[in-house]
Amino acid sequence: MLDIKLYNTNDENAWCPGCGNFSILDALKCATAELEIRPEDLVVVSGIGQAAKTPHYIRANGFNGLHGRALPPAQGIKMVNKNLKVIVTSGDGDSYGEGGNHFIHAIRRNMDITHLVYDNQIYGLTKGQGSPTTALGQKTTMQFEGVIQNPLNPLALAIASGATFVARTFTGDREGMIKILKEAIMHKGYSLVDILQPCVSFNKVNTFKWYMDRVYSLDESYDPTNKVLAFQKALEFGDDGIPVGVIYREYNKPIFEELHPVIRDNENVIDRVWNPQDAEKFIEEFM
Amino acid sequence: MLDIKLYNTNDENAWCPGCGNFSILDALKCATAELEIRPEDLVVVSGIGQAAKTPHYIRANGFNGLHGRALPPAQGIKMVNKNLKVIVTSGDGDSYGEGGNHFIHAIRRNMDITHLVYDNQIYGLTKGQGSPTTALGQKTTMQFEGVIQNPLNPLALAIASGATFVARTFTGDREGMIKILKEAIMHKGYSLVDILQPCVSFNKVNTFKWYMDRVYSLDESYDPTNKVLAFQKALEFGDDGIPVGVIYREYNKPIFEELHPVIRDNENVIDRVWNPQDAEKFIEEFM
Amino acid sequence: MKYNILIGGQAGQGMDTISDVLEKHLKSRGLFVFSNKDYMSRVRGGHNFIQIRFGDEPVYSHYPELDLIIALDKNTIEFHRDRLKASGSIIADELIAYQNERVISLPITKATKEIGFYKAFGMVAAGAALKYFNISLEGVEKVLPKKFSDEIKTKNLDAIKKGYELLESRLSLSEGCTSNNILINGNTAIALGALAGGLSFYSAYPMTPATSIMTYLSKKQVEAGIVVEQVEDEISAINMAIGASYAGARAMTGSSGGGFSLMVEALGLAGITETPLVVVNSQRPGPATGLPTRTEQSDLSFMLTASHGEFPRMVIALRNPEDAFYQTFRALNLADKYQTVVMILTDQYLADYRMTIPKFKLDGLKIERYISGEEVLEEGEEYRRYKLTGNGISPRLIPGKVEGQIVLVDSDEHTEYSHITESAEVRNAMMEKRMKKLELMKEDIIEPEYFGVEKPEVVLIGWGSTYGPLKEAVEMLNNEGYRVGALSFGDIYPLPQKLLRKYAEEAKVLVNVEQNYTGQLAKLIMQETGIKMDKSILKYDGRQIDPKEIYNRVISEVL
Amino acid sequence: MKYNILIGGQAGQGMDTISDVLEKHLKSRGLFVFSNKDYMSRVRGGHNFIQIRFGDEPVYSHYPELDLIIALDKNTIEFHRDRLKASGSIIADELIAYQNERVISLPITKATKEIGFYKAFGMVAAGAALKYFNISLEGVEKVLPKKFSDEIKTKNLDAIKKGYELLESRLSLSEGCTSNNILINGNTAIALGALAGGLSFYSAYPMTPATSIMTYLSKKQVEAGIVVEQVEDEISAINMAIGASYAGARAMTGSSGGGFSLMVEALGLAGITETPLVVVNSQRPGPATGLPTRTEQSDLSFMLTASHGEFPRMVIALRNPEDAFYQTFRALNLADKYQTVVMILTDQYLADYRMTIPKFKLDGLKIERYISGEEVLEEGEEYRRYKLTGNGISPRLIPGKVEGQIVLVDSDEHTEYSHITESAEVRNAMMEKRMKKLELMKEDIIEPEYFGVEKPEVVLIGWGSTYGPLKEAVEMLNNEGYRVGALSFGDIYPLPQKLLRKYAEEAKVLVNVEQNYTGQLAKLIMQETGIKMDKSILKYDGRQIDPKEIYNRVISEVL
């Protein structure tokens, strides 16, 4: 295990006191320390939002890009350097709203990256508008008569899109969170962890207590490898309980890096040795 | 039943001879004729692609917009004039590739629109590149070593996103297609019909025969109202058979138009009578 | 007389409420008020402040010199005490215990304890501030936030009164007699202009500093009977608005630079389908995420040519909340008139500052839709959406509204009937049809506003939100006898040229004053007229230029 | 001597193969070849044509006057016969049975029946065309498509020979002796330039006419050992490329106007994160979908300022396939040198036309990455991605490559360490750091190419793909004694001004020749230099201007 202090930065944290994000940050550092991923071998990629500030608060390579656009650069990075561990830290708005298209297509690519969504069911940074996961009927700083768009179910969506590791965890469960983050990072292929994260400033419905009262951990008896059952489990969300744990898991599905002829059979393209003269053979064909 | 000739245009058709799109166009006209939807009460909305040329070939109001962007204007139209029947005619690239984000979010809104995807599992208009539904391993005019992104399953995705009418049909089954189109159009809420449509020019794998050999119709014994079973059914696609028919159907889920306080309780906003002076009361609040 | 207060503290300390109460009360006392916020991009902590200027004469801008600081924390004193005038003071709680002769240390926390309501802290401070300026408390109960319960109101009122007793008045101002004023910020004025103008559809995605336009409209959607939709992304926002407009709604969308960037493909869609659309870009410093809560005028060049290909557009910059209202109203009419995109440029400064202005006059205003019915069709004629007419504008029908007729629009180049064409002749005809509108628009263009001496030697040239600072700066310069004037552009494209050419000829020195690095209006002026600026006053640190800074820079860099 | 052939028919009739065989054979006979396509946006049917010009002297452009038409259908004759020279002919199958003295009616279908291979139709026609110009068949077997099986090759060869016997030669040309030439189109030349330049990552979404860059790269990805990814949309394309570049790859993306429009937000991301990126925009007529398979130069103004906010960029227009290769190579170096966006502008005409040019010389070329290692760090120093240096360029490390060091980049305004800041001072420093690069770039800028008489009275000013047509037009005008020259811009932004100023002073009349409506280069020139064009030759019908049209318009509109 590496020293967790390795990941400390001296950037002042701008999150609100009491925000669930602090627990995630802590768990993430624990997970990478336990997995002995050195800061220089890790890249934390994000879009814009509160969650997306994470690259500033963990000492690692970091790419803090555009709102909704965390996954494309994350994949670009991995495609050219498969040695780097790539973790995306993003919000529900970032990943499922603005970035929804990249979400389903990143799953199709099934690259070995870990996608963490700090799901506070609200737009935090922009002050409390409804997000794609805000509950039907919830009043927000924008939806004065309540949200009328049905909430998106990220886990069901991920399973339907073909993801091979789909989990949910909760900031109130430190150990569970660390365990799942580690599993997700170790999983070969794309992994989604949707993290229930109370926003103390703007989501007065889905509070710490609200989650605490509803979450239950999936135990041994649950078989996460059955896709149809997993889909059914993923649909559970609400007063009757919210399952946390690995909802779906598929082993041995080939990943992009194994299927791509160049990535599979070569060193990283960033290390390719190349001279202009190496293009001669291509030009010859036009003689 | 209206005279089908009402929908004829004299625009020259630019599709390839033998293209499956002709059958869809024919079925669509039959469906609207049988449902007695007058051209002026219908709006056909599309993006860009072969499928997306449909508004030019059916005489109705039409909005031929941008690639990938059929659903947003379709919803905008419906939001301001719920009297119009809105049908989106789009391709697999248009709807699931460039337009993927609008797809999942349109489902969340559950407006009363019908979304037809002419799914030839290829980019037709741009000459044969892999689309989101092209099979793994298939060689295309762009993927010379075969596609390595897992194909997206539009039906599973739609079910996971909360769609209330999810169907598949095949251009080789004229009657079945007309029937499903009619049901989809009549369905209250968002309906997706993924139409297997052979592209004779660029998809040499998923040919008419290939589909013909695999499709089977869902019969009475299939219960489309069970979401989990529907999800399982939606996963079926390939050599073991491709189900056609209504895969999933949910009744009585409130639609956007019923939930939106203004759309629900008022005449269409385009018919609102309004004078600048009506804003006086809002201005007063700043005195 | 004008006075200037600063309220500073951390995000989450309730400065908004203090400021709100003070501003409204000052206004109700017949004074002119101007307030602006300086916020960090975070929800709690950090350092934020609000400045309130007020007086018995109109106030157009914020100003650096302060008469009073209300310090909710120590940082506020540290950061801002240098800006105090010689006569100025700092009000702070005794617990902050800051040793400085300017500080009036007050038992504010103690007072809240006496009232038994610790949240009343800000109201005690507000009361003290009012006393400091010798403003009567009469009617102050009416300006407490409406959402407060009666009980809370009473406690807050107590707090204000307690604060009022904590010190002696140091300054004094004859109370004013303006009465028909409203107190409003730029974004709300845009929203009201849109409401008055018959807006019936607004789709957008939240983005600072544009969000509050949507927030206000959303709040009023039921009462106004309009549809306001928060969408999945900005691409959807603009395409949905175009769909709604096609179907007959008055549609608008808005965002800040980043979201606007995502909309540019669809600007061309509105252009080629000839669909009326108003797009608001509320600028903040870029590039990319930049400084999300700060101000800049750096998207002008971009907006002039945003989107591939060529189509007619109008670009209107807003100068102040009054402009915001009337120009938004006008933009909706113009979009309908020319069946194309009208872009409104504002920025964080104008979006958020509040000022007292004369109540909007609705009487002269008229909504003009330019929508046709069957009367434009001959017997048996099939409707052509893109009929070639003399002036480039085709009669517009609304789908479903004329029996037997259909309305087809197309993003490809098209025939009069809107079918896809590849004909070179039709292409030329359609390009010319569309681009002709640019010429027509010139008739609608409004010249910039000039202020300053009659025969100026130096003309400052600005646009949009620098209006207020320029106005005060020119006044200051004129008062000292400098022969300076300023042209403040509202309509920007097509560029109005009459006054520009006049002053370019008359004045010796032209100076563009812009909140950007590259001098974007100057570039446009050069491109369109060949008139070159002699000097530039540019600022791009995310803070709005103030009259004093303009004054200083004109004196040191220009004169 | 130069000749001009047109092959016309419907999409799907195999014109590409006929043209390919003819072009390659003409080239192998030592001749110069130039061919361009005129395609409709459809897969089958409609009317398409290809023009092939060839001769024993260099050919730079297509040309309207024809020596021979190979008509695969009747429409071809109808549409194009007026363009035949007095001496010209039409080759058509006897079954088309078109009554016209120019038509050489040949039993082509009959010949294919004799060979027993109906697909050989085109090859019979090709053979006939070669005979028409008295070109020897020697070596023709080598230019048959490689994908053909031996059996098919034999049949096609038979067909060519059969065609060769169907008529007598009418024209003749001394065969050439150029030998070190390649036959290549603009997009392939871009792809090759990128490959030579060490491109290791390309992400894009298909869009005509940019698609073929990706297609070529994709075909070669395994052999070249690079990653080429077709993505879900253009937003992903550019963001993925930026990610790859950040991680150390040489990354590029490309699209046409509509796709480029979707990329503009991320241009600013590359700008503020200072990530090297090359973006190709292969223009087609807009706005919106416009004319998808045709040509235009209407995105220049847009690209100069695309994206909100301000950051340094370079814009390079490609003039011909040679330029396409060398400039793409150079663009990759420049992007790395300045750690920002370099944009390459091309268009459908240049993307698709093929011409013979000298084989690309790789020897002088050098890949320059400007990537640093730990040597730039003092002992114990923590790496600062945005270290403030004298010239604005900070040493660039690659993540994972230097033990103990991390590389953080940020789309917000940031400190040297790349953390988010709201400091006005840091903001100013960072803006100035980035914008300084614009000044540095000026040293790298290449002046436009001038051709024509030495002391011209009229100077035509163009950019990009009008190079060839301008070159031939100027030659024609000079041959007739007109004192005309032309400046053809490749580097556009920052705008090279030396030659421009020189000729603006010397010449009486400046005329911009552009494929757009608004005269976009002229606007830029005016903005940057105050030099105003006296006349404009503009064209926006989607068809590339040809030398004859320029010649005619110069004579009728300018001289």
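Points worth noting:
Each chain carries a letter (A, B, C and D) given by its place in the written order, and its residues are counted from 1.
Please note the rule applied: a contact is a pair of C-beta atoms (placed from the backbone, for glycine too) under 8 Å apart; a residue touches a chain by one contact, two chains touch by 3 or more.
Per UniProt, the chains are A, B = 2-oxoglutarate ferredoxin oxidoreductase subunit beta; C, D = 2-oxoglutarate ferredoxin oxidoreductase subunit alpha.
Just so it is clear, the structure is predicted and the values come from calculations on it, not from any experiment.
Taking each chain's centre as the mean of its C-alpha atoms, the one that lies farthest from the centre of chain A is D.
In terms of C-beta pairs in contact, A-D outnumbers the other of A-C and A-D. Chain B and chain D, compared by their mean Cα positions, are separated by 37 Å. Our note on geometry: chain A versus chain B, Cα centroid distance of 30 Å, whole angstroms.
Chain geometry summary: the mean Cα position of chain A and that of chain D are 40 Å apart. Shared contact sites, meaning residues of chain B that touch two or more other chains, fall at 14, 48, 66, 97-98, 100-101, 104-105, 132, 145, 260-261. The residues of chain C that reach two or more other chains are 40-41, 221-222, 232-233, 235, 258, 265, 269, 273, 288-289, 410-412, 420, listed in rising order. Within the complex formed with chain B, the chain D residues making contact are 12, 40-46, 205-208, 211, 214-215, 218-219, 221-222, 230, 232-233, 258, 288-289. Note for the complex: chain D touches chain C at residues 40-41, 46, 235, 256-258, 260-262, 264-269, 271-273, 281, 283, 285-294, 296, 298-299, 301-302, 304-311, 410-413, 420, 422, 424-425, 427-428, 431, 435, 516-518, 523-524, 526-527, 530, 532, 540-543. Residues 14-17, 48, 50, 66-68, 97-98, 100, 123-127, 129-130, 132, 141-145, 201-202 of chain B touch chain D in their complex. Every residue of chain D that touches chain A in the complex is listed here, in rising order: 180-184, 188, 192, 195-198, 200-201, 203, 220-227, 229, 231-233, 235-237, 239-249, 251, 265-266, 269, 273, 329, 359-360, 362-363, 365-367, 398-400, 402-412, 417-420.
Across the complex, chain A meets chain B through its residues 97-101, 104-105, 107-110, 132, 145, 148-153, 156-157, 159-162, 227-228, 231-232, 234-235, 256, 259-261.
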